[in-house]
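See the structures that follow.
Two complexes come next, and they have one chain in common, chain A, joined by chain B in the first and chain C in the second.
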Partner chain A sequence: MTATKPRTDQAHREAPSWTSRTRDRVRRTVPEGQWLPDRQPVYVRSWIYVFGVATLAALLVVLATGFVLALEGSQWWHVSSLGHFVNSLHLWSVELFFACMVVHLWGKFFMAAWRGKRALTWITGVVCLLGSIGTAFTGYLSQSNFDSQWISGQAKDGLNAVGVGAFFNVLNPGQMLLWHVVLLPAVVGVLVVAHIVLVRRHGVVPPFDAVPPADATDPTTSGEATR
Partner chain B sequence: MSTATRLRRPDDTPDSHLFPTRPYDLVKEFVVALAVITALTVVLAVAFGSPDRKAITLRDWADAAPADVVATATAELAGTSASAAYGGPYDNLSDGQKIGPLALEKWAGVHVPVDSALDLVIKPLVRGPADRALSAALATWHGAGATQRSKWAGAYGDALAAAPGNEPARVKGGTYGPVPVLATRFLALARSGGLESLLVGSDAFYSTDQTKPMLLLSDGAYLEDQARAEHLGGDQWGMMNESGNYPGQPWMWLYTFWYQVKPFSTSGNADALVWGLMMVLTLGLLLLPFIPGLRALPRHLGVHKLSWRDVRGAGTVTRQPAPPAVRRAR
Partner chain C sequence: MTGSSTPFLQHGAAAVGHYVHWGVIQISVANLVIILVMIAVFVLALVVPFPGSRSQTRRDQEDSDDRH
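Take a look at the complex of A and B:
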């Protein structure tokens, strides 16, 4: 009997901790090597794939410019030329964000990118779009200018007509600003992370009717998780 | 195999990790994308800036369109303005809009209570500077019954509409009770610049809720006139635009589109119906992967060939099409 054997037996008897279970769960969700792969399937060779990453890049610019606006407060951009320029950066990064996201969405639609157990990836992407529309909308309501007045006056009737206005008052700029800078960005942020995790977990959807070579083995089960 | 069984056949799309790979630098792609998007953002911001048309104050409104302010105050007192008897979430004086039998507006209840005559006109007058004539007019108003009040205000509203230029000074004589005094003092209050704070409430030093000033402004014609001049009217694709030549919210095009076509453009329930339709369409987009027929559309449209032009040359094998009897929507 060796000196180490009792410790090994003891280790085997120990129940898995919450930490080890969490680690195993994370490892199973996206195996090591799939988080930041330096290789992609050979069929990934089109400009359409760039728009997902471009959407993410635009989101970062939106967040960065919004962060600067938030630092100085909601009235800053009305009274400062620098503030107005930052607001312009925020506006145009939002326009680019949506442009990239819509192209990305259409690209994934035409690929039927929900195939191969990717339905949840599609759903999180669509909810990201909806959350982003809500975030942009509350941004327009938080501008405290003529556009805010007109858009809120018009939007209240639609929201009230289906009962939403009882809880989401577009005529209350304080409530809309909090939705714009806290609640909706948090939701969109979580969904974006979930969407990216799902993309990395399942990989890029193969073309219609494409089959892998006959000698292919699944690297995630054979230990070669480099893709 | 029955047709039903064939339709339920599981998705046989192979695992993407089984395909041959090629080098792909994701981090480099992201950094380049970030640089390009940042540069484009700066160029667009420098070239076009952003719109910031000043908000209309109630003082601006009173200076630019005094007759409209008087007419709006009178309509609030008469209970004929858009916000009077609006329904949820402001009052329960009407059921509001419906989607068929679904009275969502009514069911949501009153969460932002507003009595348009009391909250938008009388309370600000009570809170504002008083004089003998105004105090007497308010006492007469408070002493009258609801029917008498609406009769006075309705008659004065009709007289204003008939007067040349809708000017209060050119209204013909009639039985209007205290309404002319209340309406003209309300105009004076708006001109003084203090009406916004009186509408929000004297106990609301930190209030950010502009519901009452916005309801009052929206009840008038001036705000809409200004918006229409900027091509922002409801029949001009409305709120997806913004003032000036800026793109606004083009991603809301489908929502605003429905307001331009029948039956929505002529329906009294247009808002509820458009929202109902958009909810159905959104649900359809969300659940597209599970809708037979629609989920197979991309395969038949063939646009995917632009993205996967050289699948065979790229080292993958293309499966031969299945016989028609076995092919089904995936």
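Take a look at the complex of A and C:
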């Protein structure tokens, strides 16, 4: 009996648990030094590489102001001066979010950012743009004023014309408000996290004439810093 | 037409804005200006040097010269 006990302990130690499997999976997906690197390839020292993180910064302001608006409610953002201010912050951070995202898109398109096994990074970015447009449109419908009423009437005609009007009702303000504050932000949030994980995994795309510091498709060496 | 609705109508009339018509394309001046500014920002991002890039390039060149 005592002879078998050490073998049992050994087997217990070596049995992979779900925590160790998850830890290994995370480590394989993005190696430790690539999550928050303090050095980047020399070609990253360009303004065109700034617009991705600028988009992310604007998104954080959108989420923070949206949280306050949800906390206080529609009457607050219509009648109080602080409500007007936070409502405007929410609007203009969305404007900045989209402007930065589109400039980021132009930069990555002309850089052919899907090179080096980065197709999924590109696709998650594109779907994220589409999801953000849906979130912004449902935001127009959630203003609870005559503007949102008029926009929802126009949207209803357009969506019925393309044949998707049976699946959701843009004239239902309760449904659209829930889409705007729960459903679509969750979708966009998951896509943004996936996009960032993929960027960290494969590294930023190099310009056409640049020599990347290492094979960027190898998660153990991609994003290796030179400067 | 009540007195209370007049300010809203005046606000709505004032908010119509100016539009540019070019064939089938119709766009508000405000949206056109935003698009032109975004294009200008894109071009500037390509041509304006990033802060510190010149001094770093000079240091790289000096390091390279020292090695040779």
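Simple rule for what comes next: the second predicted complex is superposed on the first by the 194 of 227 C-alpha atoms of A that agree within 3 Å, B and C clash if a C-alpha of one lies under 4 Å from a C-alpha of the other, contacts with A are read in each partner's own complex, and residues count from 1 in each chain.
Keep this in mind: a contact is a pair of C-beta atoms (placed from the backbone, for glycine too) under 8 Å apart; a residue touches a chain by one contact, two chains touch by 3 or more.
The structure presented is a predicted model; accordingly, all values stated were derived computationally and were not measured.
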### Query
In the superposed arrangement, which partner chain does A:190 touch: chain B (first), chain C (second), both, or neither?
neither
### Query
Of the partners chain B and chain C, which touch A:82 in the superposed model: first, second, both, neither?
neither
### Most chain A residues touched (candidates chain B, chain C)
B
### Query
So, does A:107 touch the first partner chain B, the second partner chain C, both, or neither?
both
### Message
Once chain A of both complexes is superposed, is A:50 in touch with chain B (first), chain C (second), both, or neither?
### Response
both
### Query
In the superposed arrangement, which partner chain does A:165 touch: chain B (first), chain C (second), both, or neither?
first
### Message
With the touch criterion stated at the top, can you tell me which chain A residues are shared between the chain B interface and the chain C interface?
### Response
42, 45-46, 48, 50, 102, 107, 146, 227
#### Entry: chain C partner contacts - residues on chain A that touch it in the complex
42, 45-48, 50-51, 99, 102-103, 106-107, 146, 227
### List of chain A residues in touch with chain B within their complex
36-46, 48-50, 53-54, 56-58, 60-61, 65, 77-78, 84-85, 87-93, 95-96, 98, 100, 102, 107, 109-112, 114-119, 122-123, 126-127, 130, 133, 136-137, 140, 143-158, 160-167, 169, 171-175, 177, 202-213, 216-220, 226-227
### Touch list for chain C against partner chain A, complex
8, 34, 38, 41-42, 44-46, 48, 50, 52-53, 56, 60
### Summary
The chain B residues in contact with chain A across the complex are 11, 13-27, 29-30, 33-34, 36-38, 40-42, 44-46, 48-56, 86-89, 96-97, 99, 104-105, 107-112, 207-211, 214-215, 217-218, 223, 226-227, 232, 234, 238-239, 242-243, 246-247, 249-252, 269, 271-272, 274-276, 279, 282, 285-290, 295-296, 298-299, 301, 303-304, 306-311, 314-321, 330
